[in-house]
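Letters A, B, C and D mark the chains in the order given here, with residues in each chain numbered from 1 onward.
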Amino acid sequence: MRRWIAGLVALLLAAAPAAARDLTVVAGGGPLQDHMRRVLFEPFARAHNIPLRDATYDYNIGPIRAMVQARNVTWDVVMVEAPDLRQGCEDGIFERIDWTVVPRERFLPGGTTDCGAGALGWGIAVFFDERRTPQGPATYAEFWDVQRFPGRRALRMGARMTLEIALLSDGVPAAEVYRVLATPEGQRRAFARLDSLRPHLMFWRGGQQPFDWVGSGEVAYAVGFVGRAANAMRAGQPLALRWDTLLYAYDYWAVVRGSPHRDAAMRLIAHLTAEEPLRELARVWPINPVTAAVARDPAIRAANPLMMTNFTDRGVHISTEFWLDHGTDLEQRFTAWLNR
Amino acid sequence: MRRGGIAAFLLVLPLLLLLVLSFALPVGRMLWTAVADPELSDTLPDTAAVLRAWNGEGLPPEEAFAHLARELGAALADRRLGPLAQRLNFEQPGLRALLLRTARAAGELREAPRERLIALDPRWGEAELWRLLRSAAGPVTALYLLRAVDLRLGPAGGIEAVAEEEAIYRTLFLRTLWIAALVTALCVVLAYPVAAALAALPQRLAAWGLVLVLVPFWTSVLVRTTAWFVLLQREGPLNAAAIALGLIEHPLQLIGTRFAVVAAMVHVLLPFAILPAYAVMRRLDPALPRAAASLGAGAVARFFRVHLPLSFPGVAAGGAMVFLLAVGYYITPALVGGPRDQMVASFIAFFLSQTPNWGMAAALSLLLLAMTGAAALAARALLPGFGRRE
Amino acid sequence: MSAPVVHFRGVTKSYDGRSLAVAPLDLAVAEGEFLTLLGPSGSGKTTTLMMLAGFEAPSSGEILLEGRVVNRVPPHRRGLGVVFQNYALFPHMSVAENLSFPLEMRRIPRAERAERIARALATVRMEGFADRRPAQLSGGQQQRVALARALIFSPRLVLMDEPLGALDRQLREELQQEIKALHARLGVTILYVTHDQGEALALSDRIAVFRAGRIEQLGTPRELYDRPASAFVAGFLGENNLIPVEVLGAEGAFRRCRLPDGGTILVPGCRPPGPALLVLRPERILPGAEGPNRLSATVLGATFLGDQTRLSVALGPATLAVKLPHGAAGHGLARGERIALCFPPEAAALLPPEGGG
Amino acid sequence: MTARLLLGLAAAGVLLFLLAPILAILPLSLSAGEILRLPPEGWSLRWYAALLSSERWLLAARNSLVVAGATTLLAGVLGTLAALGLHFGRLPGRGAILALLAAPVVTPSIVTAAALFLAYSAAGLAGTLFGLVLAHTVISVPFVVLAVLASLRGFDPALLRAAESLGAPPAAAFRRVVLPLIAPGVAAGAVFAFATSFDEFILTLFLAGPGQFTLPRQIYAAVRDVWDPTVCAAAVLLFLASMLLLLASEALRRRGGGIG
């Protein structure tokens, strides 16, 4: 019996959280994070003599909310999406960035918010397999044209981006998309447009799915993350990517509220967004920098012809504000539409 | 005896505390969340007090505007505005933007708040918006429960159906019931021959046969669902086998279909139907079918007049168990189902993590719980002894 | 007598293909007869009954019902009434539904069913219980319903498998009387299985004593009681003294035998000289010294049983049981006292010695 | 006879349906290729090697063992004590306690998960392993209580009196007589509790913080988020672990423990 109790105590202790821990930075994982570890994280740790650990997550900030509420903050610096950042900032999930440590003027327009410093850009655009279909749709209007471009299409499962695409396909100019989508008629128009393509549509959930489908020929044309497309093309896959169909946004570095390493975290963000380290990173991996000096550097642009920031002037910047205001409503309607 | 009673109570107490603190209270609290409406009165207490006293006609008194501007500004500064913005935006999309804009302008609204608020956004001059705020001043709201059955409070105060393109939950509940019923029926039908065959075997052989049922029963649901996920792939073994046998020419899309969900759910839940049916059939007096035969009953009459009615309690208990589990199912539809195969549970999960809306999560939970509770009570009424152990 | 209702011809049953649960069995049951299969458990009597009912298939041989071989006829077409060991009343049906079941199987119209159910309930004195469930009845009541159910479709042959085994003694005796009366009144043939010799004696026209799969002896209760053909039958039916004796020679129709204590007696029978077994019922031994067969024994103990006193006495190395009726001499004897006993020659019989043919 | 044959065939068919998908995972996990085909294009242990060298999977295995172990101990101790109290004491609210005990079993997991997620978030227990252990204890403790109560039902109270009449004080009587007799029941309940926690997924999905993935949670991530063929190897190992638990449970049942 006594041994039982001792074992119980030991196990409960093992289940209890560890107290002291290293500065922890969290991002989406994959090969990019491997490169970041080597080029960004480790030099910072060496230079400032701060032990640093990195972890990965699936861009679901639920656990971050929980750790803030539980006052058991185990992450310090996290790469987050814009709407999560904005909402998390309003709800006090993230610290405000200390702009005395991180120079705010180094970022592209829209590259900062109260709680976030621009990390990397990402976007989606139409792509297809050039061997199977040498001529593919170059605009969303053509994407909807099943006469000229027969075959199945794949869009992302969710209202965000999909509804913008539906309006763009219907001839709404890029600058007008969010104004139109904010009106009931605009919303009806977007869903009606989706209805018209529905028999030819599939919806993907994971970012790899559209590439698998296009690769196997299950789908002729799809929208997919441009970063993945660029990597596949660099690896020699015969994909065509239509930059005129780009919808893009930025991910941001943020500091979890209540982090015991707040000051070190701010310094880390300053390092992660500084010019020199990012140039280094761009040499080993195609990134879409939000730091203006790197993004606009002709040498970097020339060295990375598939860099998204080369094409942002042709794309639509996904509106964080719009989706915070209409996300719940439209996502629900989208789900209802999918369910019909 | 008294001392014994106290000692017994002390033995039970730790577990009782655990169950109350870590189950009963949380469940109760969550059900309360389904109707609780604390955001406005927490974030804007003075505004809420004025609104509660207001009779709802025309515009509220001047002080409501003043409190609103001041408290919104303070909430934004303290970063407490999120929950309220979300709550109001859920009821009427667009209110989040209005609140934020108003809160940011709070500094300029100190003088003549009423005029300046209306100047900032004409909606502040509309009685409808103020009535909406008043109804959100708590302490309870039917908002989430109504929305969970595709209803809402209209601007005039009455209950109305939501727009057709937003209606989703009634279909969802019907679909959940339908899938659960279908899975239950299939489980019962498939379980019967297994249980009957095992019960007809001699005890030793039956014990081995039972192990064949217990192996899947003990195997993790995730492992089993993963197995189905792999089997049903486009390039997966099932399609490959069907093509090799010449049944189909091109691989079928199986993942993301109702077929996949039902097949995997039946697979996961079948042991729950087999085990009670077997237990009852095993206990069945073998003399009874013999008696029926001696009284002139042929095989068919023996099955329908004796075997079936006598094994019914076990079959029905298994069926009830399958139904109760199936109604709340989450993993299997999430992994092998498509958007048209999701059940209530996946929407609860959606509102818990993807789009946090605890009121909706709680309202859907409340309805789901009511559904399972009704099913359990029905099973209890139909089957004396259900839920009680022999 | 007409052709037998039931005829077993060389029937055997083996479950494992090697040992026989029923050795080659030949048995004929006459019309209207009450025949009991008596034996200890595992002696093959229930297996025999189950083969007749059709629940077990014979390994070889033929079973004839009213002259027809029924080996391949399924149980529900044999038309036999069966009363099972634990009644086997359908727990999900009321008493009336249980009784109605065989009638429905025979597609008897509803009105007639109701009438026959009422009559059957009256026969077993269970009027007023029609709507009860079996679980709401006492054991005796369940037994009556089971009896009524087996009789309600007027089978010519009823099989009863230890039907009273689960009841207490008083109830058992009461029901024995009822079964006997029913048999007399309905004239139905009954094949009855029991391990209770008293029950067999009380009910049967004839008894077949089973032992290890074969019939040890078949006869009327009196024959079996008075003239057991083997030590097993002698010991199984009632209490018996089995005393090893030495046959000395013939004296007319009698044999002179030497008892273990050296005394000699006269016994009817035809055993050759040599060792034999003397069978002597305890109640046939009387106090006193009359007739040719006198015993001089030593009292080992006495037990007062009310209507009789049971003595245990030593006769040389052998021990004898003696039952003295109430009021007879020989009461109040103490341990170690001598007592004179006697018995008429026709009260005893001789059997082959144990272990011998 | 044909009816019996048909019945046997139908039963065999259903059993095949029950077992085949699970058994199909075995060869798939040994496949040499990325594409999961039956029979595989070649055999190799590469996915097992990948599994055992993956920090995520190892962490998940460690978390699973820690949580299931702690759950088993907590549920075992609390459940056994409560069962003793329920059996030997004449408690006024016995029916209510039993109903409260059964509630977590019949409540849909997603509802329990939602309730605990909200409550634990407020109490600061969400995202802690301790919170996970508490949640798992709630859903597995009923099995311990049932198993111990079942073994106590077969316990003859005269034995306790006999022990006391032979000079054993109550504590000794309990330790020497009651405990050995209910030990198989306690062990069976513990095995069931361990298995329940080890397999639990939905509560973990919502309550586990980052770095607290258990094996089922990691499998879910590998199937749903990013397909990773390593999952077949993980599924096989988890399956084998379940089989060990099944064997333990069967062995205990034959010794008189077990539920039902």
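The rule is short, and it goes like this: contacts are C-beta pairs under 8 Å (C-beta built on N, C-alpha and C of every residue); 3 or more make two chains touch, one makes a residue touch a chain.
Owing to the predicted nature of the structure, the values given are computational and were not obtained by experimental measurement.
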Touching chain A and also chain D, the following chains: B
Distance-maximising chain from chain A - centres being C-alpha averages: C
Pair with more cross-chain C-beta pairs in contact, given B-D and B-C: B-D
Most centrally placed chain - per-chain CA mean versus overall CA mean: D
Chain centre separation in whole Å, for chain D relative to chain B (CA means): 23
Whole-Å separation of chain centres (CA-atom averages), chain B against chain C: 67
Distance between the centres, which are taken as Cα means, of chain C and chain A, whole angstrom: 92
Centroid distance [mean C-alpha coordinates] between chain D and chain C, Å: 57
Residues within chain A bordering two or more other chains: 62, 65
Touching two or more other chains - residues of chain B: 235, 352-353
Interchain pairs in contact, sorted by label: A-B, A-D, B-C, B-D
Chain A contact footprint on chain D (complex, rising order): 66-67, 69-70, 73-74, 77, 120-122, 124-130, 132-133, 206, 209-211, 221, 224-227
Chain B contact footprint on chain D (complex, rising order): 3-4, 7-8, 10-11, 14-15, 17-19, 21-22, 24-25, 28, 35-38, 78-79, 81-82, 84-86, 88-91, 97, 100-104, 106-120, 134-135, 137-138, 141, 145-146, 195, 198-199, 201-202, 205-206, 215-216, 219-220, 223-224, 231-232, 235, 238-239, 242-243, 245-246, 249-250, 260
Sites on chain A touched by chain D in the complex: 4, 7-8, 11-12, 14-17, 26, 55, 57-58, 62-63, 65-67, 69-72, 74-75, 205-206, 208
Interfacial residue positions of chain A with respect to chain B in the complex: 60, 62, 65, 87, 89-92, 157, 182, 188, 191, 203, 216, 218, 321, 324-329, 331-333, 335-339
In the complex, chain C residues that touch chain B: 53-55, 74-82, 84-86, 88-92, 101-102, 105-106, 149-150, 153, 159
